[in-house]
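The data blocks that follow each hold one structure.
Two complexes follow with chain A in common, the first pairing it with chain B and the second with chain C.
On to the complex of A and B.
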């Protein structure tokens, strides 16, 4: 079976029609499902948050069969993810796409679990500490996208489980948990 | 029954009359009654298509072409007199009628050189303006006596055959020269025959051009004698002149002969014609191919693509075994009504399931070669199969290819799983075998 780094690719990755946008409705629907599944899988394992449509993205090209997705196809598949709430366009021109392999709600749950596991209830952390601190090492939070993290924290703040306060600069924004 | 009085006319399966050799259609009229006022036993033949040919007068029942009495034929040889149409106030408002006398046998059957005679009446319920032109054409073909020319020719050819026994004994150079001479003569004759219609057209056109020219000259001389004519009149006269100049060009012959029935008759003729090419092409043929074949068969009286399309479109209304089909891409074909896509799909499926095709797919030209059809048509079949979910497309710099649809085989819940059997498994095994 073919691999992309340490990511195991499914058999149909070598099926040439997989890389051509299918015009027939039923077939296209199935193709869309398979691409959505594969994109989320790949991003989860590779910890990829942003896909740039104009940049090289290894999943969208298969050098073995010499096929790659057209711009239209990429946009179609990512738009399908967006419409399901599993991705968001970062810019209006649809050039960059934020992939939410965990929904914001799931990320928030993830943070709460992390806070409880480390006994950080009622304590203060900076955003950077959550992303790259010693405590988060080995968890899903490690190396996560800053925008996604802030949005998850805002959701917690909205629920009254955290309070975000601004520091003097962008990188010392802090959060106080009150679980 | 009509058969007792009139000879029956043979029809093709799509309702066109079967013509004898040398017979040419002159005029077609719709909703014509054929009646006999003298003999009440002769049934009234109501509202049919009347076809005047150089040999016969055919009456065809439009609504029911399958019954045995659907069509009758009155050979022009039996016509002994044609009465000129009456022009009186009384006849102004009734449907126009053409009366003519035919010779009959003692018991009333229409035959040539019979001892008795009867008068038949044609009631033209269609357009009133048809009457004069029909009458003059009827008179023309009757006087032309083309049926006699043919029977004369056939009797000549039989006498020629008799003398050929003597001729074949002439061998050597003189024999070859004689044969050459005969060939020349027959070619000359066929050429003359072929151009006869054209000549008729040319003479008509000439008359029209002369008429238009005459009127134009009259108009030109008009203002000179009346110097007070105002500008408005002048411009309208100028328009009239231009119009007359454009009239001078001869109108198309076939439309002239069939008039309003043109497309309908063309449609029936076409339905008869396509049978053979369709059979040869395996049940489906591109409209463009038929256009070429049909016009080639027609010789000089070519039809326009528009006319062909309209003729095909009318098929829906008739009981003909063929139909026009338009693919999603816009390509139009003629196919047998019995033709089924399923059979073609079956062949395409077996084609794309072959090991090579599984790995590299097939192009329309591959399919064309295997199915024995034109590439454009093969592409249509592949696209139809794709729309049915049988195939998938692959567009790459190498071209446009079709693969068997594997998407259906993949389990969405586990995209890595492969069933032990089936086309997905065999595709994978072929892929891994090739490297």
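On to the complex of A and C.
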């Protein structure tokens, strides 16, 4: 089976017509379904949060069969994810897309689990510590996108489970958990 | 016979005819009895054989297929009824009904990939993957037998031959001669182009496009515009998709 780094690619990735948008409805639905799953899966294992439509993205090209997705196809697949709440367009021109393989709510739950597992209730952490500290190593949180993290934390703040406060510079924003 | 004159001669001739007829009937009766006896012996021998090789019949697909062939020759159909001697002895009926259900399952699950037309070989591979836990191996012959039983349901399961391959159809789509010829052509590379169809089958361009459009509509073909030469290719999952792709479809 073909691999991309350590990612196992599904078999449909080697079947050329899956790189052309299918005109018949039923066939296209199946095509969309397979691509949506592949994109989420790939981003999750590779910790990719943002896909730029105008940049090279290894998942959208298969050199073995010499096929690449057209701009229209990329936009169609990502839009399908957007409509399901699994992605968001960052700009109006649909050039960059934020992939939420976990929804913001799921990220918030993930943070709570992390806090409980590490006995961090009632303690203070900086955002950077959550993203790249020793505690989060090996968890989904490690290396996560800053904006996604802040949005998840804001959701927790909204629920009264955390309080975000500003430090002196942008990169030492802190958060106090009160689970 | 020399004709003799008079009433006496006619009577003798009639009596002789009767005699001949009687003798003929006797000979025929003896022959039929003998045949019946032979068949009965053969049948009981077959039953003995089945009893003796029960395990082989159950486990070895090649053996099973030969056994079926043998049964068919003497007019015994082990699948005809689920009751009675054969089913009790071999449990063959249940085996094929089970296969039938699994075949329907696979055909439905892969339909969105292949439009309801699946390569028999691929179906068989998927069936084996699915039955990993079951001990008996499955041959294409078994698949064909199970499918022939499905016909009773009138659900439109049918095996069609296209070129060298056998395809199992699970949708009521009528494939005409044009479609079949295109499918046959596609077996070489998995795809065809309009030009190729025109050239190889000497059709006018409209005819090829018509047929390909129908196949596309039915979900049997997929278009591919990504090749360097810029020519649209029509791929046919039912002849070119590997079994492993099908198994992905089964999971979702």
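Things to note:
One rule holds in what follows: the second predicted complex is superposed on the first by the 179 of 179 C-alpha atoms of A that agree within 3 Å, B and C clash if a C-alpha of one lies under 4 Å from a C-alpha of the other, contacts with A are read in each partner's own complex, and residues count from 1 in each chain.
Quick note on the criterion: a residue touches a chain if its C-beta (ideal position, glycine included) is under 8 Å from a C-beta of that chain, and two chains touch if they have at least 3 such contacts.
Model, not experiment: these values are computed from the prediction.
Overlaying the two complexes via chain A brings chain B and chain C into a clash. Once the two complexes are overlaid on the shared chain, A:8 sits against chain B while remaining clear of chain C. Touch criterion met: A:26 reaches chain B and chain C at once. In the superposed model, A:38 lies in contact with chain B only, and not with chain C. In the overlay built on the shared chain, the residue A:165 is in contact with neither chain B nor chain C.
Comparing the two interfaces of chain A, the one with chain B and the one with chain C have residues 10-12, 15-17, 19-20, 22-24, 26-27, 30, 33-34, 37, 66-67 in common. Across the complex, chain A is touched by residues 361, 386-387, 389, 392-396, 401, 403, 405-408, 410, 412, 415-416, 418, 424, 427-428, 431 of chain B.
The touching residues of chain C, when paired with chain A in their complex, are 112-113, 115, 191, 216-217, 219, 222-228, 233, 235, 237, 240-242, 244-245, 248, 252. By the touch rule above, chain A contacts chain C in their complex via residues 10-12, 15-20, 22-24, 26-27, 29-30, 33-34, 37, 66-68.
Across the complex, chain B is touched by residues 8, 10-12, 14-17, 19-20, 22-24, 26-27, 30-31, 33-34, 37-38, 41, 66-67 of chain A.
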